[in-house]
Each structure stands twice: as structure tokens, then as C-alpha cells.
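Right, I'll just put the structure down here and ask away after.
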Amino acid sequence: MFFASDNGAPVAPQVMAALVRANEGPAPSYGADAIMDGVRARIREIFEAPEAAVYLVATGTAANALSIATFCPPWGAVYCQPEAHIAVDECGAPEFFTAGAKLVHVDGPDGKIDPAALAHTVANATPVGVHHVQPAMLSLTNLTEAGTAYSVAEIAALAKVARAAGLPVHLDGARFANALVATNASPAEMTWRAGVDVLSFGGTKNGLMGVEAVVIFDPAKAWEFELRRKRAGHLFSKHRYLSAQMQAYLEDDLWLALARRANDAGQRLAAGLRALPDATLSFDPPANLMFAALPRGVHARARTAGAAYYIFSGAGNGPEDELLEARFVTSWSTTDEETDRFLSLIRG
Amino acid sequence: MFFASDNGAPVAPQVMAALVRANEGPAPSYGADAIMDGVRARIREIFEAPEAAVYLVATGTAANALSIATFCPPWGAVYCQPEAHIAVDECGAPEFFTAGAKLVHVDGPDGKIDPAALAHTVANATPVGVHHVQPAMLSLTNLTEAGTAYSVAEIAALAKVARAAGLPVHLDGARFANALVATNASPAEMTWRAGVDVLSFGGTKNGLMGVEAVVIFDPAKAWEFELRRKRAGHLFSKHRYLSAQMQAYLEDDLWLALARRANDAGQRLAAGLRALPDATLSFDPPANLMFAALPRGVHARARTAGAAYYIFSGAGNGPEDELLEARFVTSWSTTDEETDRFLSLIRG
Amino acid sequence: MFFASDNGAPVAPQVMAALVRANEGPAPSYGADAIMDGVRARIREIFEAPEAAVYLVATGTAANALSIATFCPPWGAVYCQPEAHIAVDECGAPEFFTAGAKLVHVDGPDGKIDPAALAHTVANATPVGVHHVQPAMLSLTNLTEAGTAYSVAEIAALAKVARAAGLPVHLDGARFANALVATNASPAEMTWRAGVDVLSFGGTKNGLMGVEAVVIFDPAKAWEFELRRKRAGHLFSKHRYLSAQMQAYLEDDLWLALARRANDAGQRLAAGLRALPDATLSFDPPANLMFAALPRGVHARARTAGAAYYIFSGAGNGPEDELLEARFVTSWSTTDEETDRFLSLIRG
Amino acid sequence: MFFASDNGAPVAPQVMAALVRANEGPAPSYGADAIMDGVRARIREIFEAPEAAVYLVATGTAANALSIATFCPPWGAVYCQPEAHIAVDECGAPEFFTAGAKLVHVDGPDGKIDPAALAHTVANATPVGVHHVQPAMLSLTNLTEAGTAYSVAEIAALAKVARAAGLPVHLDGARFANALVATNASPAEMTWRAGVDVLSFGGTKNGLMGVEAVVIFDPAKAWEFELRRKRAGHLFSKHRYLSAQMQAYLEDDLWLALARRANDAGQRLAAGLRALPDATLSFDPPANLMFAALPRGVHARARTAGAAYYIFSGAGNGPEDELLEARFVTSWSTTDEETDRFLSLIRG
């Protein structure tokens, strides 16, 4: 009964098998391995982007911060949602990698940026004198941190505002596969066709050991990205093991199958939570991440039985029936049995 | 016949097995995994340093740059050998992580820093006014980039100079195991007992997939290191896979066995090169890294036969008998058969 | 009729005279001038802080950014009001000088931070894991950017919240003298006695050519400040000319006399604006900075007659009677005649 | 008898008069003052560069570090002479402003960079992989820190090497006027016609209170420079007082007259030193900066009599006749009487 994070899930067996397979004899280091050639070609194919620059790093924070630093100058403003991972959960990595750019929050309903609010913020900042940080970039997250999914049309509407102001668009796709599955969109539709310039294409939360691809649709920025990656210690000497993970991830669309599995588990869990008289699901989750309020007593029972998930404001003392919000995340490895056992448990 | 780099070697089978073993069910992320608890305890035991802070990162550049940034302020001077990895091969990572510290070169024979030269440089910089970068740190490398090994006494002599001036000491141990085996020293002797404050304890070049430990002997700096690691994108969500590699590395002293194997292969190769009438070994290599000059024609023959190693100034056109210097590195996976085949090949 | 900014005012004649006086023969450079010794002693006396470290720089942005960088690590959060100069008007200088710290906005009525809101924000951020920027500092501004003045009690209430959380407190006193005069407080009361650790003690807006003092009440940070100042290019070789300005500023309490003059001019202007049937003063200004809405037609008439002040959202086309907000700032050099002429002009 | 530094000299009377003149009524701030329009036009005229971007800052470190940061990326190598001010005397300002670029030393005779050595260093660094900092810039100093002057031909030879490798060229002209006078070159000849892209055009050491112009010959970098200047706290609100200094400096070629006066004083001093049996002038100084070795006893006599200049390795105890090297700098304010008195003093 593990719903703490998709980060806690193990590596998909196909990926582990690929690592074992890659472990034969010597191989060129630092990304010159033959497996990477195949990965690059395959990602270009999947994204229908034959010119795209493709790089692998091992963490989402690295993917995001390097992507942003490559497109945003030190005096730039990066527009993002207030709860964005880059704003809240990376200990200032974007500020570090950019040498001091500023994240400017733009909010909206459902954990998404509202295009009108973005347009208003950008308009207010333009024309902008030398005293202020300069509008520089838009960073979106899909799935959002709230568990909602931007549709292709929503991405496009936001990117349109950004591009009208000359701002490149970053998409933090730590859960990109989950978002695609939830919206039935193609990789190209969700990214460059909608106006995205650079994508953090997540793998770690979806069955890899630790690999995220960065896909830069305009290859003019490729060399700068490579230098920034090296300089940040994110170029791996034994790069073939990153390549092998990504190769297995893409083969036979394993990445989509894993995300579908995680999303299905999420739907099952959501349906169960929705049916509880005491529980309040904060919205209908389209994928594998959701928030629900449950009575303190129920949380206590779940914890005692070994269920793992994040309860906001802790589970300290208080009335048994006080509702405490919690976050639930399913993954490719969540089983129906596990979900059902948990639901049965909290039903009491 | 692969002598290009110990980075090109595969992962030791015991390590791959440990990864497979670790791949069971969910686990807490970001270093809270149970395996890490064992790793921390074991490293403290090995180093006879029960208070040491122990962290894992995935690249040597990250280990070095984070270690240096934790001990050196932005206005500091880091004394290092001119060919040090931090000075030459990290695309300015120390400068990036420290927000602009300066690497100041101090040379000496055999690719080592000369203690007298260090003392002289530090003395010249002291007392130092506000106009100059401030003496801040000493960074050593063992094995050195030249393939030589500092003895414990040599480390201690250099650290003594540093500590007399109040400078903390970093040891880049990307090939720490090779250095220990070559000098018959214990981990504690080579580090804190000799005056080292922070160690990049390499694993990647010695059979791991991508793990280096950072061992900070004074735990007062631990929390700052953690924040810097996170902020640099070097805290892994699925950390258990880093822990598992390091666990296997340390178990039954596998790390020393792998290094011994690499060093033995190096000795075999060196003996063979030394015996060649045309070759000039630049010095007697104590471990697994060496430089030798060979005739251009011999290099060409080796290349054609598939031998991989680094030839300086390329292998362009020129007289067949012109001596061109090359670097050879053996690894835990180098076989005697492979070495002998190569030696036989270049003997002609 | 110049109400655009106190930055636009000339240098007080006593200050210009001091510059001329200082221009005799050679003098030690970089702050070792004898005049600076007197300035240091006098500032310590005025602030009743015999241990304080005192430095001069030439711009408010330098004073603020250096002060903050000296107290806030790269991974820190600096709490400030959303309209603070450091947040809006310094093109990211605090982020640059700190190597990427984050400014976190806390709002409240009257352009001031609300202590309860600050307490809530800090509490929410504590205990804080490694994933998030760490609560690090509080930065206040007095006069605020809204033209209001924090009382000593208000400063103390905010500083109490900060100090309870272990956060040092910075006071941006670009208009410190105006705030003191407006609140009848002493320098010590408004700063260290209220819990302030470091003060940007403004001079430029109040009659100097370009000098701000930084007063660090705990001298332990002094040397770091000096290094940061030098490294940022803010240590002046011909420092005596900064010293001379500050000397004249402090002599016979010229600084307070100039601020009193500016505040009196502000009161006269405010009284006049308040009396206008068409104008809406946004609040009762305690000092020399105020905001008022006037009909577009009145603005047009004022502009034509040569009045200079800042109109928000420009003065483009629109109905004559539409109210447009404007900012008015008086200075030590504003004359009653000038104010009266302007008031008479806009009265029509 | 002040030969410690041209930084210690007072402000030229014409400049002080211009400051007094500028101190009338209000003026637009942040560089929008009318005086600056004239300064910009005049500098373009003097440099025969009608498109050049012209900015004022108050310190040489700011001029240099901002210039370099505008042209050199964080992963760049800046080639400079080992004793260059940017390398030795700015506490790492270039590293700070560039977010971690590396200064790479190239030496040569007479305190100048040798073009062949530069070509060799750049060639060795090209082609350069991702592991190394990238050749990015050449920074020259004229007058050099050794007191020698590059001729126009020497500047051009070095710039040719740089430009062949695609590297922009910075000239640190803290003593640019002294160099021009010493070489009889025109401003255009010494800069853009010789291949210089950006100039720190010094004023402070040559009679100003604290103003250096930055002249960027390709205006494409102008806006980036403005943002970096603001963000670094080097945009002055009361900018007219910088403009006024520079205006007076340029009027009637005051700047060249002041430099000629300083150089003449230097020649007089050098001639006197050369004539001393005990003194060794390290080279024939072409301008106002020189090094000479004198017996310890002579130094002691000079000190006692109030002469101020810099003695290397101090003047501690030792034999009376031991030669200790010292630096002597004359300025526009050095009088013949003062020089003669000093020479007479040390002649004993």
C-alpha cells in the first residue's frame, strides 16, 4: 500500500534487463556510446522532430534547471505556477543554474496557469526598463503538481502568449507520459506543435532508475546545453547505462504502457476514494496523482496498517473526525490488489 | 584491447547483482533508503571515522565541485596541481559551484604538488589584502592525473602546509582505491589522519555504474553539503540504486579487489611496454595509469587492430618512427589475455 | 516643479563644499583615508553602536545587495514586501550577489509586511527539508516604497518574528532619514534596538552625490562584507570623496535637517492635494513620498507647464476626467514656491 | 613626495569645477541627463566610432568585470597576462561577474603577452571538447601593470591572433591616456582599428573623482551591458555627476594634458633614478609607472622623510645595502619640486 510517490517505485523489469544487457565489455564514455545513437534517433522519431537535440541526465532537477539556464539569461524572469516543482521543490536550482534569474508566479484554477493572467503579467512587464528583470521564459508542468493535466489546447494557448512576447517555453514533463496518456495527445502535439521549445522528458517517476531526457527542439542551443551539463557535473562517464534505460523505456512504447498502468491505478484509487462518505477528493484526477481529505482517525488506521502516503500538516493530535488532506500517487508498480486492500482498510 | 579509460569498463557483476536485488518493491526516496544506512555505517567503519558525514553522488565532477564549494568561499583560492581534473577536465565546474572561486596552480615533480612550492605560494599570499582572492583550500588528487601515487607521508606533508595556513584539504579520489593498493595505505591513513577534510571517494572508474561517495570528516559541514547537492540536481530520488552500488562495492572489500586487479593489469602492461626497444615509459607506474611514447607506425598498427587508447597530438601524418606519447589505462575488467595480445601486437 | 524623484535633486551645498575641501593633495586610497576614520566614529556615535562595522558604497542597489549577500546563503529565502526595491527595481541584484537566493513576498496593509503574515509564512516553511530554499533573512524598507513609515514598534514586531526563527534582519534605509523624522525615532531605536542587523543607510536621495553607508551591527561579518564589496567593484580607490560626502552629511545633523525639509515639502504638497476636489490622495503621507489620482486633463495641464512626476499607466488618450494615479516625491531642494505653483496649476 | 599610486592624487580642478557647475536644479536620473548626451557624442568623436555604445561606471573593477562578463560566457577562458589587474587585484571580480569563467595566463617579456605564446595557447585549446573551458576572450592592459606600453602594432598583433580564433578583445585602459601619450597613438588606432572590441577607458587614475567609461565598439552588446550594470549596482541614480566629470575630462583634451603631465613627471623621476649609482631601474619607463631597486637604507631614509611608495617584500630588518624593489607612480598632480626633492633625498 505505497502511495507516497512514484519516485518510490522500483525499476521496470524491462529496464533492469536492458542494464544487464548493456553491461558487456568496454564502451565509449560521455555519451559517445552506440546505444545513445539509437536513443537520439528514436526520440526524434517519437517527437516527429528530426532536428531535435537530445540529451540524458539523471535527475529531474538537472533536466529542468539546465533547460531553463540554457534559455533564460541571469536577468530574466521565468513565469511559472506558484506550486511548480522548479519554484518549490528544487532548493533554488533554477536560480543557481541561471546565475540568479527570478521565478515569477502566475496562478490560475486547477493548478494551471491562466492564459489571461499570463498575458496580463507579461503585458505589465512590457516595455520594461533596465531596473527590472526582463521577461524571459515560460515554464509549464504537465502533469501539474496538482495532478491535473493541461490539454494540448491549453498548452498552446499559454505558449501563444509567451511566443507573442518572444519568450521561449519550457515544459517540465517529469510525468509527461502520464499527461499524454491522460489527454490522448501525441508527443509532438503536446510539445513543439503547441509551441514548446524545450522539454524535460521524464523517465525516473515512470519506471526508470534515474534518467530524464532533455529534448531541445531548436538545435541552435545544443552546444550551450552540453557545456552547461558538463560544468554542472551532469555528464555521465558511463553514459551507456543512461542510454540503456532510455532505450528500454522507448522500446515497444514501454513508457506509455507504464504510464497507462499508473494512470489506471490512479483511476481505481480515485473511484474508491470518491465512493467513501467521509472522503473528499479535491478534483477528478485524470492520471496518477490526487489529493483527498480523510478523517484523522482513518489516516491513523491506514498508517498503522502500513499504508504510505503524504499527509499535509502532519497527523498530530486532534479530533478523530477532523479532515486532513493527503496526497496519493500511484505508479506503474501499483497493483489492483494493493489499491483494493487500501480502500477496504480506510472504508473501515 | 581497451586502454582508453577505466571509465569505459563495464560494471562489476557483483554490483549489477546488487542493483537487481535492490529492485524489489517500494523504497523511501532521496537517500532515506535503508541500504544507505548500511553504506554510511560501513564507510565510517572503513575510514575509522564514526562521525563522518557520507553522501553519494553520481559523477566525479559533482563530488569534487560540491566538496570544494562546501569548503571554499566565492572569493577563495583553491591550490591545485596544473593538470588536476578540477583544473582541466571539468569545464569550470569548481568555479560554477563556488560562484567564482579561483584555482591557483602549484606544480612539482611527478605530477604532484611540491610542498615547498605550496608553502611558498601560500606565504606569498599571506597576509593578503582585500584586493586579492583569499587562500582558501588545497585540493590534491590521488592517483594523480599523471598516474603517480602520493604516499601517505606526501599527503601529510602537503596537508601540514595547508593546515598551518588554516586551509581545509580536499582529496580527489576518483582512483582512491588504486592509490591505496599502490601505497599499501589504509583509508584513514590516506585521509583524515594525514590531514584531509573531505574526500571524493571514487567508485565509477573502479567497477560501479556511476557512484562516488563524498566523505566529510567534520560533520559540521554536512547540512550545507546536502543543500548544495540538492540545489545542483545531484540528490537522486531513487537513491537506493546508488546505495546498492556502494554497498556491493564495499562488501568483502570488493573495491580493493577490483583496484588490485586494475593495478596488476597496469603492472603487466607497464612491464611489457618497458621491454619494448622503441617505447619510452614516462615513469614507473605504480597503479593502472601510464604514459608511453611509441612510434607512429606502431600506433597505426595498434589502431588498425582495434586497440583503443588516447594518443596525444593525434596520429596525423608524419614519419613512421616519430615517437608519439599516449595514455594507457587499465581497469578491473582488463584481462591478461587482452594485455598480452596488445603487447604482442605492438612488438610487431 | 520637480516631483519625479528625490534622485533628481542636486547635491546639498554643504556636501559640495566638503568635496572641494577634501580635494587637497594626496590621500591614501581604498578607504584608508583619514576622513573615513571620522565618519566611522561618528556613525557609531549616532547609532550608539561602538562596535558596528561601517562601509561606504555609491549606490543603494550595491548597499542592499551586498548587505543581503553577506547574511543570506545562496539557498536562502529573503522575506520582503512585494513592492520592495530589492524585489522590483534592482534587476535581480540580490539574486546576482547571493548567487541565487530567492526573494519571497509577504504582504500587508499600507505597503508594509504584516507580522502575522510573516509569522505564518515562516512557520509554514519550518521545519524545512532539503528540497526547499531555507528561511534566511528578513528585509524591510523604511520609508516603504508606498511612502508609509514603519514605527519603531512595527519594526520591532517584525524583527521579533524573524529573530525567533533565527533570521537576521536587513533594513533598506534609502530614505532612512525621512523615516526617522516622520516617526521621531532615534537611529538606534529604529535599528539594532528594534532587532535590525544590517542597515543600508541612504544618503543619495537626501542630498549626497552618491553615497550610502552600510552599517553592520555585528562586526563578525565585516571582513566578508569587505571582500564582497571589492569583488563587486564597489570599493572606491579615491574613497576620500565618499567619506567627505558622508562627513558633511552627518555634521551638525545636516542629514536630519535635509530630511525634515523634504518631509515638510511633502506635507505641504499633500495638504494641497488633499484639498483638491478632483484629487484622491491614497493615504496620508508621513514623509516625502505620496500617491494621488488626478484627472487626465489635470495631468496634461501639469505636464504642459513643465511639472515632472511619474504617472502610472502613462497619460495616453482617454476621457479628460478619468483619474490616473501618480507618484509625487519631494526632496530637500523642493521649494515652497515650487509646490505652491504646482498646486495652483493643478487647481486650474 | 607621493609616488604610491595615481589613485591617491586629488581631482583635477577643472573636474571639480564641472561638478560644481552640474549641481544646479533637478536633472533626470540613471543616465538620462543631458550632459551624458554630450559625453557620448564626444567619445564617439574622439574614437571615430559613431556607433559605439558608451557607458559610465565609477570604478575600474566594475568597468573591467562588466566588460568581460558581457563578452565571455560562464564556461569561457579569458586569456590575460599573469600580473593583469583582472587576474591579481580584483578579488575575483571577473569570475563573479561572469558566473565562473576562468582567467588563463599567457606571459611574455616586459609584462606583455607574447603573440606567439598566445597563438600557441589558443591552438592547444582548439578544437576543444566539452570537458574544458572554451576559448572566449583576450584581455589586454595598456599601460601594462609593469609600466610598459603596448604599441598599436603590438595590440594589433595580439588582437589578430584572438580574432582568428573568434575571440573578442578587451582592453583594460585604466591608464589608457598614459599609454596613448607614451606611444603617440590615436584612440581609434589603439582600439577598434587594432581589433579591440571593448575598452575600459580610465579616468579615475588620471584626475577624475571616480569615473571610467566603457566603450563597446559593436553596439549589439549594449543592452546586455546595461542590464549587467544595473544588476551589479553600478548604474548611478545621480548620474549627472559622473557625466560632468567625464565631460570636463574630454573638454579641450584635458585627459591628454593630464596624462602628459603624469608621464613627464615619470620621465623626470626615471631619469633621476637612473642616475643613481645604487638604484636599478627595471626598464626604461615610457609613462608614469616604474619599478626600481634601492638599498634598504635609502628606503628607510625616504620613509622617514615622508616619501610614500610601495616597497615589495616590505622593508623589514636586513643589511642596509640590500636592494629592495619598489614601485613608483607619478600622477597629473606630481610636481617637479616634489620629484626633485625626493631624488635629492635618496641621493643622500
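Going in written order, the chains are labelled A, B, C and D, and every chain counts its residues from 1.
Here, contacts are C-beta pairs under 8 Å (C-beta built on N, C-alpha and C of every residue); 3 or more make two chains touch, one makes a residue touch a chain.
Here's who's who by UniProt: A, B, C, D = L-threonine aldolase.
Keep in mind that this is a model prediction, so the values were computed, not measured.
Trainee: Please state whether C-D or A-D has more C-beta contact pairs across its interface.
Mentor: C-D
Trainee: So which chain is farthest from subunit A (L-threonine aldolase), going by the mean of the CA atoms in each chain?
Mentor: That would be chain D.
Trainee: How many angstrom lie between the centres of subunit B (L-threonine aldolase) and subunit D (L-threonine aldolase), each centre taken as the mean Cα position?
Mentor: 42
Trainee: Centroid of subunit C (L-threonine aldolase) to centroid of subunit D (L-threonine aldolase), CA atoms only: how many Å?
Mentor: The mean C-alpha positions of subunit C (L-threonine aldolase) and subunit D (L-threonine aldolase) differ by 34 Å.
Trainee: Centroid from C-alpha atoms only, then distance subunit A (L-threonine aldolase) to subunit D (L-threonine aldolase), rounded to Å. What do you get?
Mentor: Centre separation, subunit A (L-threonine aldolase) to subunit D (L-threonine aldolase): 51 Å.
Trainee: Scan subunit C (L-threonine aldolase) for residues touching two or more other chains and write them down.
Mentor: 30, 74-75, 90-92, 96, 99-100, 130-131, 227, 230-231, 235
Trainee: In the complex of these two chains, what residues of subunit D (L-threonine aldolase) are touching subunit C (L-threonine aldolase)?
Mentor: Within the complex, subunit D (L-threonine aldolase) touches subunit C (L-threonine aldolase) at residues 2, 4-5, 7-11, 13, 16, 19-20, 23-30, 57-63, 65-66, 90-93, 96, 204-205, 209-210, 227, 230-238, 241, 308, 333.
Trainee: In their shared complex, at which residues does subunit A (L-threonine aldolase) touch subunit D (L-threonine aldolase)?
Mentor: Its residues touching subunit D (L-threonine aldolase) are 30, 73-75, 99-100, 130-131, 134, 224, 226-231, 235.
Trainee: Which of the residues in subunit C (L-threonine aldolase) come into contact with subunit A (L-threonine aldolase) in the complex?
Mentor: Touching subunit A (L-threonine aldolase): residues 74-75, 88-92, 95-96, 98-103, 130-133 of subunit C (L-threonine aldolase).
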